[in-house]
Amino acid sequence: MSTATLLLVCPDQRGLVAKVADWLYTHAGNIVHADQHTDATAGLFLMRVEWELAGFTLPAEQIAPTFAPLAETIQARWELHFSHTRPRMAILVTKQDHCLYDLILRQRAGEIRAEIPVVISNHPDLEGVAHNFGINFHHVPVTAATKPAAEAHMLALLQQYEIDLAVLAKYMQVLSSDFLAQFPRVINIHHSFLPAFPGANPYHRAYQRGVKIIGATAHYVTEDLDEGPIIEQDVMRVSHRDSVADLIRKGKDLERLVLARAVRLHLNNRILVYGNAGRPGVGIRTVIFD
Amino acid sequence: MSTATLLLVCPDQRGLVAKVADWLYTHAGNIVHADQHTDATAGLFLMRVEWELAGFTLPAEQIAPTFAPLAETIQARWELHFSHTRPRMAILVTKQDHCLYDLILRQRAGEIRAEIPVVISNHPDLEGVAHNFGINFHHVPVTAATKPAAEAHMLALLQQYEIDLAVLAKYMQVLSSDFLAQFPRVINIHHSFLPAFPGANPYHRAYQRGVKIIGATAHYVTEDLDEGPIIEQDVMRVSHRDSVADLIRKGKDLERLVLARAVRLHLNNRILVYGNAGRPGVGIRTVIFD
Amino acid sequence: MSTATLLLVCPDQRGLVAKVADWLYTHAGNIVHADQHTDATAGLFLMRVEWELAGFTLPAEQIAPTFAPLAETIQARWELHFSHTRPRMAILVTKQDHCLYDLILRQRAGEIRAEIPVVISNHPDLEGVAHNFGINFHHVPVTAATKPAAEAHMLALLQQYEIDLAVLAKYMQVLSSDFLAQFPRVINIHHSFLPAFPGANPYHRAYQRGVKIIGATAHYVTEDLDEGPIIEQDVMRVSHRDSVADLIRKGKDLERLVLARAVRLHLNNRILVYGNAGRPGVGIRTVIFD
Amino acid sequence: MSTATLLLVCPDQRGLVAKVADWLYTHAGNIVHADQHTDATAGLFLMRVEWELAGFTLPAEQIAPTFAPLAETIQARWELHFSHTRPRMAILVTKQDHCLYDLILRQRAGEIRAEIPVVISNHPDLEGVAHNFGINFHHVPVTAATKPAAEAHMLALLQQYEIDLAVLAKYMQVLSSDFLAQFPRVINIHHSFLPAFPGANPYHRAYQRGVKIIGATAHYVTEDLDEGPIIEQDVMRVSHRDSVADLIRKGKDLERLVLARAVRLHLNNRILVYGNAGRPGVGIRTVIFD
């Protein structure tokens, strides 16, 4: 079943659902999923609607131009996605392989709807894993001195492979704001339940603090380290019996699960990011239409 | 903010969202919550929509008659609820007081939107708790011989107090199908993660089986014991160190939470029960619009 | 069954279990629970052992003096507790009643083994709740100017009622280090998964940050706000649909559960606090012998 | 660090901890982990103790013969394991690869302490996965007619590869009681929270029942299908939005985690199975010394 999905955010007002639903019905759209959310504090209406292309009276390439005038009248920011276009995803890693294997195997199992043409790493260690699955591997070393050149190289690779989404699957380098300005669609997995333990060595610090629960957080990357919009989090109980090595081992299960869920939500077009950093009480946040 | 809520189930077809949203927009309805679900297996569309009465151009008493013709054209079964009418809830108990206290305190805290005019029990033990909070208490003993008379007495009480919902808060008697035919809106808490351990002594049987997780299940009561549509479930880890007494103690926390969530969902009109027992693959089930 | 419980921490060395077990066996002690932990980083051995007094050849008052010489040879810090002495617990509150009710009802149900002779509050609102259960209530208002006098008053009350443990059940005042120096046995419930969101308004800040999980943390109170040794934590999923009011409501369930578990662990003598703030990698932490 | 581990179960009596600890101390054993449990209902004492071989005055091969007389005096059933012997594990699969990949990758990452010399399957599909990691693969088809011969073939393979533990990683055949009599050390993953949904198609039945939680259970295999002693269980929330396909996909994450934890517990010698089927209130159950 081929579908189209519309993600939309606009100022809240009466009749929004009716307008969008009417537009779909006018063109004989059969809705397979619809969800809305009103953020009363922000005065915003957010919507996801997915409908079958079979029977829809507009050809795929006519949908966006036909919807645009309506979007304008309601002052909407919107995206349109088709289930028959497979997004292209790059995986960035350092030396740990657990999230890399997990994403590749889920893609092979059909759980993640994307092509994975390339793995990029600042170390050569995981080349064998990529090649085992027939995926290109590029080693782009990064030092303080070479960082601008390395990021330029990585941006060129993302362009060359026509990448839609970059996933930091335990990539232990910070991306510069310049990089993110040029390629903003980046998901990271951080090995703590943010905002606890941002930055380096969260498991060591969790051990030191004596917490009874550890966590992992998947978020979109922004220029503020570990401050980007949270997509998904999960946690696990630990006890005094767990050493730092145990926390790291248990945490790997969380990292795998949380990152995979976040990537899947993104690729299924189920996330809207919104918010107004300048307005008190409304940070940059996600709505998850699951 | 006073609102109206429509719960609706009908055969799936194109244009349903448009039709309902248009009807609301025609009368200047401002939607505050909308959620839909399509059960492809059953071929059913299910919807919850809640809108502000302020500014709605139909007076409350005109809403149902005005909506009825539309409902008929789409062959919908539907309910209409108003946030300004407070449902009346009876609590049925035996000897354990933890769920009774929990429901009363949540109602006092404004978490549960209902009146609680009466507590009914087959034992006299909890009269003091009810009276402490100014709630009427009726002791209706039940034996095998007196069961029909006792149930008739209870039905009379439910009628006298104009009860909308009866909550079995650890009421350790089975209600007959006759009772349920006359008063079907009954929620029960069962102290296991159904369908594991239906019937008597679930904690003892969980201990004997050596499970590593215990649970609780809130469900609508039907004539098939512990087979009614599940509203909410939750679980807790246990270990070999836990005796039956520990399971019972820990389980009380689950029972409180799960029952309270289910009652709140019901009273906030967030549950649709549907299904067709005669059709394979589709049992009697709930949609929770939360 | 009346029991004695020994909690013990000492430098790790060979033969510790043998020495303690031998001492018990010499006096015909029947162990009902024993648990050990070795913190290799800190080089410490920690132990809890509980045995029946029936059949033990030492009378209760002779146990400590008889054990002391052994404790000295292994350089142990230790505590001895008897199940037949009921600790006396004061509950400190402000205006919210959910944790107060919860602790009182659990004590009434036999889940918490303690006397609760007094409730102390900086506001008069909860006097009725205390009196309903026959518990004394003292209103001790606190302002910046009167804080030293108010704390002196509270310390006098704790002495007068012979209190062993003070529980801050949503007491919204910070206790001074002077107070804690004189009365150090204080458990607090903080409404976040520490170290995330220490200090004021954690639910508002959790909402602003857009977290997908909220939590609660019970800890011993130290002079560093929300930095004391963590006893217990738990979490709950939230979504974009949850307003700040929803987080507060859902969080109350966490606060109740987490505080009750921590108080029970303390009263059942299942917690050892240890650590060396001056040594890297070893903070002040708890071992939970559950 | 090389260690020895003793697992022991015997009738409860005074002095057991002292006797075992004394025996260890006599030979200068440095305990690195000790845990005990008393099952009062069964009148049994269960113990795990692990100590360093470095400094122990008995050579490894003398430990069992030296301990045996003590074990006899306390009527103990016991096992002795050494951390320097790596158990040999066979993985049995059908067509699904997620648990197979998971176990192999965890073994490669050092999380699972075992050799994996062979994968056995009733279908040829997963030969490539085994070979990719340099593991032998044997295709042993099973039909109703060939079952006895197929099981004989499998038993021969287990013997040939000197297998200590067989793991059913989604092996969709029932092993006969004859097979189990000859090779009893078998762990299975069942895709439900037992005792709910034993047998075939648990996800389909979970969907039909409308449960709000799904689970997975790892257990030792006995001749009673899905009735063996439970090692580990975990669960995940689902909703009305989840189709059977979603339950299967989500359940795969549970299956991986629960099976891996159970296998790790077994290989780390942290499980004691005990119980007396003939005695009411005491089933066949596990103690997990974690």
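Lettered A, B, C and D in written order, each chain numbered from 1.
What we mean here is this: a residue touches a chain if its C-beta (ideal position, glycine included) is under 8 Å from a C-beta of that chain, and two chains touch if they have at least 3 such contacts.
Computed from a prediction, not measured in an experiment: that's the story for all the values here.
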{"item": "Interface with more contacting C-beta pairs, comparing A-C to A-B", "value": "A-C"}
{"item": "Euclidean distance of C-alpha centroids - subunit A vs subunit B, Å", "value": "37"}
{"item": "Distance between chain centroids, defined by C-alpha means - subunit A, subunit C (Å)", "value": "41"}
{"item": "For subunit B, residues contacting two or more additional chains", "value": "241"}
{"item": "Arrangement of touching chains [line / ring / star / complete / other]", "value": "complete"}
{"item": "Subunit A-facing residues of subunit B, complex", "value": "14-18, 21-22, 24-25, 28-36, 38, 237"}
{"item": "Contact footprint of subunit A on subunit D as seen in their complex", "value": "97-98, 101, 105, 109, 111, 132, 241, 249, 253, 257, 290"}
{"item": "Of subunit D, residues touching subunit B in the complex", "value": "37, 39-41, 193-197, 204, 207-213, 215, 229-235, 239-241, 243, 275, 281-288"}
